[in-house]
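Two complexes, one shared chain (chain A), two partners (chain B, chain C).
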Partner chain A sequence: MKNAKRKTLLWMLILFGVIIYFPGRMLARHHVNDKTAVTDHPLKCTSCHVYTSKNKFVTSLINEDYYSPFNIAVSHDGSRLYVVAQDTDELLIVDTESNVVLHQLKVGVHPHSVILNKANTLAYVSNQWSDYISVIDLAVSKVTDTIKTGNGPSGLTLSADGSFLQVVNTYGSDLSVIDLSTKEELKRLGTGSDPTGTALSPDGKKLYVTSRRSKIVPYGEPLVSDLTEINGETLRVGEHHNIEEAYMMENITFTPSGDLAMMTLIRPKNLIPSVQIEGGWMMTHGIGVIEQGENGRIIQLLTDEPNSYYSDPFDIVVSPDGKRAYVSNSGADRITVISVDSIRAILKETPKEELKNIANNLGVSSRFVIKRVPTGANPKGLALSEDGKKLYIAEQLEDKIGVLDTESLQMEAPIDLGGPSRITVARQGRRLFNNAGHTFQKQYACYTCHPDHHEDGLVYNMAGKDMGRNVTNTQSLREIGDTPPFKWNGKNQTIYKQDGMRFSTVLTRTEQFSYDDLDAITAYIKRGIKYPPNLMYNPHGELTESQQRGKEIYNRTKDNFGNVIPENNRCYTCHPAPLYSNLRTADVSTLAVTDDSILFDTPHLGNIYASPPYLHDGRAATLEEIWTVYGEDNKHGYVNDLTKMQLNDLIDYLKSLGGPEQEEISSQTQETASF
Partner chain B sequence: MKIHLKYPTLLVLFVMLVISSWGFVQPKERTEFIKDTSKTYGDKNQTASEKPMPIYGNWISYDSKNGLPGDKAYCVKIDGDRVLVGTHEGLAVLENGNWKTYTTEDGLTHNGILAMDVDPLTGDVWLGTMGGLSRWSTGKFENYTQMNSGMPNDLIYAVTCDGKDVWVATGGGAGCYDTYTRKWEIFTEENAPMHEPWTYGVCASDDKIYIAAWGGGIIEYTKKTKKFRDYVDPDGNMEIDLFPDDGVVHDITTGASWSNGMLWVATYFGLSRYDGVHWKGYFDHDSGLTSNFINYIKAKDDIAFICTDQGLSTTDGKNWVNYTTNENLRKGKTIIINGDDKKVMATSPSLAHNFTIGVDVEGDEIWVATSKGVSHGHLMK
Partner chain C sequence: MFKKSPYTSFIPLLAIIVLVISVQSCKPRSLEGMIVMSQSQGDIDSPDYLSGNRWRHIPESRIVALNVNSPEEPLSVLTKDFQSACAPKISYDGNSMLFAAQQNKNDVWQIWEMDLHNLKTRQITSSDGNCIDPDYLPGDRMVFSKHEIINVATKEKGYTLYTSNLDGSNLARITYDPSTYFASTVLNDGRVVTIGRTLIPEVKDAKLMIMRPDGTKQQLFYQSEANHHLQGRVWEMDEGSIVFVEADANNEMDITSISYNRPLHSKVNMTSHIKGDFYAISPYQENKVLASYRSDKEGRFALYGFNTQSHELGTPIYKDGEYHVLEAVPVVKRDRPKKLPSEIDLNVKTALLVCQDINYSNKQSNDSTTLTNRANKLEILGMDETMATFETEEDGSFYIKVQADTPFRMQTLDGNDNVVKGPSSWLYLRPNERRGCIGCHENRELVPKNAQPLAVRKDPIPVPSPKEIDSLKRDLKM
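And then the complex of A and B:
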């Protein structure tokens, strides 16, 4: 009797389990299908509910704190490497004989570059998310001072006599000249947009600053980027050179004789429909060569090959004998070794009128590329030993320093910085994000159009076969995890869907990511990409008087005449805090005749100051233009009653907006990425 | 013969009217007034007056026939080895003896350039035009308008670089652009003691900004406290300066310039000078000022260079040197008034035109913008 009862109970439990399991599984399947837009994604709850968790305990379990070496300097005697560890906010001092990290010095947030003075007694580290330079006394290996800079300090140079430190301010798009005797900023010179690279000529008379974003031009016009030439003696801008049809000029260097300056660059074909991807030759990568003689020509040469691209050239250095240049291709995990003499020969024999054609010639690289050397993941900054025999490579996503023997052109054993050996899901996602291996002919990585995980400021003709139809402005990927749907038309309700099958169909034109890789890249995009702190417009987390007034306008319900503003025309209705998006689509009267008839996804407004141009097709060059030029009918917010001063206040407030975390933590203590 | 007049009283009145009006229509010998009023100049300018006034000559003029894109020159600036001239038809630059013109085709926001200043630190040239502000940095223009930026208004009458800030006086208020944060701040009658938003001039001292506001006198802005105060004509009379030296001579101000602790204020009704404590007024009828109608003023060291509709006046507060011209003959006069002494020197060639609109001085060189070209003079030694 007892057994019968037990059996009955057991059968009931099994029946209950079956009832729960099958419909439950079916529901789960529906749920996953809905989120991924495919029917065969594995039913792994961890994909969405663990890897993208915001729970601090969970994230501490699934993630690691990597060093992510970004830039390097090497001492005169070659015995020490000074490595910028971007994700731990440290400068690592490495003994090159024992390959041991001797010191880990805490610097500011998100350090970018390091430079040594001539005597090798001091190191200067630019802290891009802290807006200051850390001064390190190398005799005692301690940070002894800090120097205030402009917004987003990155590339560094010292004047020929060592009395001035020149600091490139990426977010401010200018250059701070710092008098090292007083440690005060002497002046700030305007540069191109989003600059990072800088180099001083060997005679100290000329300083170049490269920009990464192009100037804002209407869709249809070829892009132009700025190479700023500064007189090294007067410290005034000597010339703004137009670099045509190129951008992302990350770094620049001079040959030791000073006959050439060489910089990295990308030549995007953003004006042609993206169906061209499968034809190749859409995103091309190369170098710019600036002749220093009387000719003063600026020539662009692709380092790609007809069926194989070497994406995201980052750093460039030239050997002490001036015969070789080394370029780190961050998206291809390669070092491209270049014969500078071959480039000199090309310059000599190429008439001026043919230079433009050469800039688009995928075959020309065969004339000057000596070798492609494989590296660890995501090679960034390079440093040559003084004798030129060793090239040190900051392998950012490998947590190692690669070492290239420049005579044999063989990689030696890398220097392990001692970071975590485990590759987390998000770290794998970051590697995928930065690698072009998944794109047709490896033309570009996600990073290429989303440098710094942000956006490249360009407007693209996405997917359509018709030239100039449905053009869209690249959107930032910073802190987008909680702001679905995605794409300007809001068609993708999740990042899974955005980066899954549709992604490969539209963008990569190859096989889609494996589901493990899709899990990884989604985890990284959703949680691994942080805003830089808004030190320009909201450095202390407190609104200025003008921003306070702007906030009142943002939240107003009545216009200047006391009339009630319709709810749909109020700023906060569509852009409510803390995400500043209601996650819906809307008609704000910006549909162009070249657009399909759609509503537009309401973008979030975090760090909006850093994302010009504006509106879905980038038609508004500034935030002001959204309303002064394109807001006549009051459909994109009710603004036409505002005075100019009120509009300025409103925009000042918009520029102060960061992400949801901004109100919780001080920008100075913002957590570093741990992916 | 006895003459009988029908209306003898009327005749007497008519004769008296003619005699009494004689003084109004006859040109005054200004030295007489100078003699009368020179005793009142007892202030800190005494030392300056002991220095001889600089006298410029050997004028060479340029217009559309020999280098400028047009005849009307609104402003001029000496920038190292080059000279920049803002004309109605664009920016003209004289460098190595050659003129080059930049227009909207080169990226300039508007061809009518009314004002300019050069940032002494960066070398950037800021051009105030009839259609916005252009930052000209070695051949490249970056444009700011009321549509694409927070700038108050596109009609810009004056530009002044002050450290990292660029101040503009516009038809819609004064504006301050912070080149570091790229933010505009606007000052109008809504948030400053202005009569209306129309502003004509702006200049900077070490710790203050002075804005010449139409109908609002001079608006003083203290950089540290961000507080305003205004200086208006205390007697409030729009026709005459009722009480001399009681304040700025008129509320309708057209320019301001500060140098060596002295603020000089231009109006269409005379000239004012303010030493931080006392105001002093100058008019064409009681000083060496060539005309009360002042278009522009620039102070350099202890000397004020005053652009009027009747020529260029220069003064240290006591002594005057005026430059006028016969526009048809291109011959003119240099009138030197040292206290009671007045000398008139014929100059040929002279200024391009009496309607002077802009001036700049550097070392031994002076450049004057006029409605018929720009004139270049040298210090006479």
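And then the complex of A and C:
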């Protein structure tokens, strides 16, 4: 009897399982097909429900805290490396003999650069998400002081006599000059947009600051970025040089003799219909060389080759003898070794009228590139030992410091910083995001158009149907995980679809991501990309009086004359907190004659101040222009009754908006990404 | 009753495992690690580079397997059932081989695939024209050359490129210009590189052309000196070079290396110091290729190893008094190339071409005297007639909509309709293909300047198809 009961129970369980399994599987298939827009994505619940989870317990299990080394300095005697660990907010002090991390010093949030004073007694670390410099006494290996800066401190230089610290403020687009005797900001000088790199000439007379974003111009006009030249002695802005057809000038350096300054750059092709990749049709990468003699020419040279591209050049350093330059190609996992003498020869023989053509010639690199040296994932900052024999490479997504023997040009054993050995799904996604390997001929990475996982400020001709139609403003990827649908027309319900088959057909034009890789990059984009704290417009989480007034206008239901504003024309209807998007599409009367007839996705407004130009085709250079120039019919919010002061208040409020977490977490204690 | 042992239920399972192992061990030996090569006793010294006879399809050739680990073992003839067989290509997993063969004398050459475990063959193509030079494409497809009419008016024939599934289905023609194409190879980046030779209006020297597997974005990959012949398939080495055999004007056949990164300006003759000729090569081991070589023109080609770093020829791997060793390939697994997505939409009958500046050349002259020679018109030439002539935009740009899969050439004209440059080589665009060029430039290493062409601010200029032109002509006559 017992056996019969057991058998019956067993059969019932099997029957129950079958009843659940088949319809369940069918439902799951339907669900996954809907999310991924394909019919063969593996039915793995973990893809969405674990890897992109926001649950703290789950995220603590699936993620790791990586160091993510970003920049380095090396001591005069070569015995110590000072490594900026961007994701743990630390400065790591490494013994180069034993390759051991001696000290881990907590600095500010999201540190960017480190510089040593001449005596090697102090280190200065710029903290991009804290707006201050950490001062470290190297004798005791302790942070002894902090110095307030402008917004988003990044690149650092010391004046020739060591009395001033010059700090590039990326978000503020200016340069803070710090008097180190008083540790006070002496002055702030305007630079180009989104600067990071800076270098002082060997004679101390000239200081350059490079910008990453180009000047905002109407679509179709030539792309120009600013190289700011500052008198190193008077600390006054001397000249703003126009660097044509280039942007993302990340870093700059001088040759030891001071005859040349050299910077990294990208030459994008955003004005050309994006119909192919072949022939450098989308992105090219190279260096800018600034002659320091009478000629003062600025020449651009591509480091790419006709069938091979070396994306996202980041740092550049020159050997002590001035013969070689080393460029880190972050998207290609390569160091490009350059003969500076060959560049001098090219400069000598190239007439000025041919400069533009030489900047578009993929064959020129064969004249000056000595070698491409493979590195670990995502090489960023470089530092040469004082004798020039070793090049240290911050391999950001490898959690290691690569070491290049500059005589043999062979990589030595890397210095392991001791980070997690496990590569999490999101970390793999971050690697994919930063690597150009998933684009035809490695011409560009996701990062190239989305630097800092944000956007590059350019409007591209994506050639949707015909070639002159549908120009689109690059969108920020910060905190977009909960703001579907995606793309300006909202046609992609998930990031799986956004980065799936069509993405490879029209954008990367090579084999699509494997489903494992698609899971990884989706996990990273959904949960790994954070807003920097909005310290510029909302440093303490409290609104100013103007912002308060702006908030009231944002939330108003009646106009200045007491008339009820139709619900669809109220700001908060389409842009409700905390995401500031209702996740729907709308017609806001911005369709251009060159656009296909579509509705537009309602973008979120977090850190909107950092994303000019505005509107889907970037036609509005500023937030103000959205309404003063393009909002005449009140369809994009009811604003035409506003006074100028009221509009200013509204703009002030919009600029104060951060991420959904802004109001809950103090910006100073905001956690950094752990991916 | 006999009490059941708890292990009784495992007995059938054990039996199944034993059975599976026995069946597995009875399977025919794979050719893994062996070298497969084509051989011929006949005349290979008078190849017809136009028809491919005695070059890409060789009468009475055969494919054999050589066990390099036991040289005393006789060759195993793999294509006993065929009159002729050549051009072996091994799949990425090393399990099968594509080849071209004719079963009986005077049969049409077809593409076949052999399972390298059981040596069974199956016919893939059933064509009325010769099908030769197959290579595997990712996604269980292949690319090959097929003999057919390339000019309907003159009935002139040549080899066009096709792709198909490995069962012969989903056949797709991918080249549409009056050129003949041989010896295709799929590169790691997923593109097809092939020996192309223009036939109309006159026969031109062969070049290496490269295109996506759907035929889009075809462009020049490598051009040798005048009167040189590209002898056979190209191969991509692990370190990024492309190697192949090239015959010079004196018919001296050497191994040439070019860089994938910069193919037009990186040629190295690796065997100029070696007396004798090379027939074909393929990658073998690190920095080593299999090479069919003979020291004098009277002798027969034998199989050697050649070091691509030291440029040294090794001792013979295999020699045969009766047969030439032609194309030899090792039976090994190799990396699968990228599977490229396709932009083709067969429901669309047209394609778009944008050009940035027809006057864009290597050197931008500031000399005003040259302005009179600047072109401001473009003429689109079809096979037999002008298809369209129109003025270009002020910046030299044009934007046209052409009939897909229709060959055309272009030439630029000045204000007096004098030809400034051209005609260009043949172009064709696939359905829904969108393509850009920077101008009629001599330097193919130039990238576009970052400037919006004025032409794309307007609708594309439609270029009528030859059929539409004929219809228009008929209407005018009426």
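Assume the second predicted complex is superposed on the first by the 657 of 675 C-alpha atoms of A that agree within 3 Å, B and C clash if a C-alpha of one lies under 4 Å from a C-alpha of the other, contacts with A are read in each partner's own complex, and residues count from 1 in each chain.
Definition applied: contacts are C-beta pairs under 8 Å (C-beta built on N, C-alpha and C of every residue); 3 or more make two chains touch, one makes a residue touch a chain.
These numbers come from a predicted model, not from an experiment.
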(message) Do chain B and chain C fit side by side on chain A in the superposed arrangement, or is it a clash?
(response) fit
(request) For A:Gly468, decide between first (touching chain B), second (touching chain C), both and neither. (result) second
(request) Tell me which partner A:Tyr171 touches in the superposition: chain B (first), chain C (second), both or neither. (result) neither
(request) Rounded to a multiple of 10, tell me what angle the C-alpha centres of chain B and chain C make at the one for chain A, in degrees. (result) 130
(message) After superposing on the shared chain, does chain C or chain B touch more chain A residues?
(response) C
(message) Going by the contact rule set out at the top, does A:Tyr638 touch chain B (first), chain C (second), both, or neither?
(response) neither
(request) Identify the partner contact of A:Met536: answer first if only chain B is touched, second if only chain C is, both if each is, neither if none is. (result) first
(request) For A:Tyr82, decide between first (touching chain B), second (touching chain C), both and neither. (result) neither
(request) For A:Glu624, decide between first (touching chain B), second (touching chain C), both and neither. (result) first
(request) With both complexes overlaid on chain A, what's the closest CA-to-CA approach of chain B to chain C, in Å? (result) 21
(request) Report, in rising order, the residues of chain A that make contact with chain B in one complex and with chain C in the other. (result) none
(message) Show me the residue ranges of chain C that touch chain A in the complex, using the header's touch definition.
(response) 138, 189-190, 217, 219, 260-266, 338-343, 352, 354, 356, 362-364, 366, 399, 434-438, 443-453, 456-460
(request) Over in the complex, which chain B residues touch chain A? Could you list them? (result) 121-124, 135, 137-140, 142, 146-150, 152-153, 164, 172, 179-181, 183-186, 188, 190-191
(request) Write out the stretch or stretches of chain A touching chain C in their complex. (result) 219-220, 222-223, 245, 267-273, 275-276, 278-281, 284, 302, 305-308, 353-354, 356-357, 360-363, 366, 440-441, 461, 463, 466-468, 501, 504-506, 509-512, 594
(request) In the complex, go through chain A and note every residue touching chain B. (result) 150-151, 172, 174, 186-190, 226, 234, 236-240, 536-537, 546, 621-622, 624-625, 628-629, 643-645, 647-648, 651-652
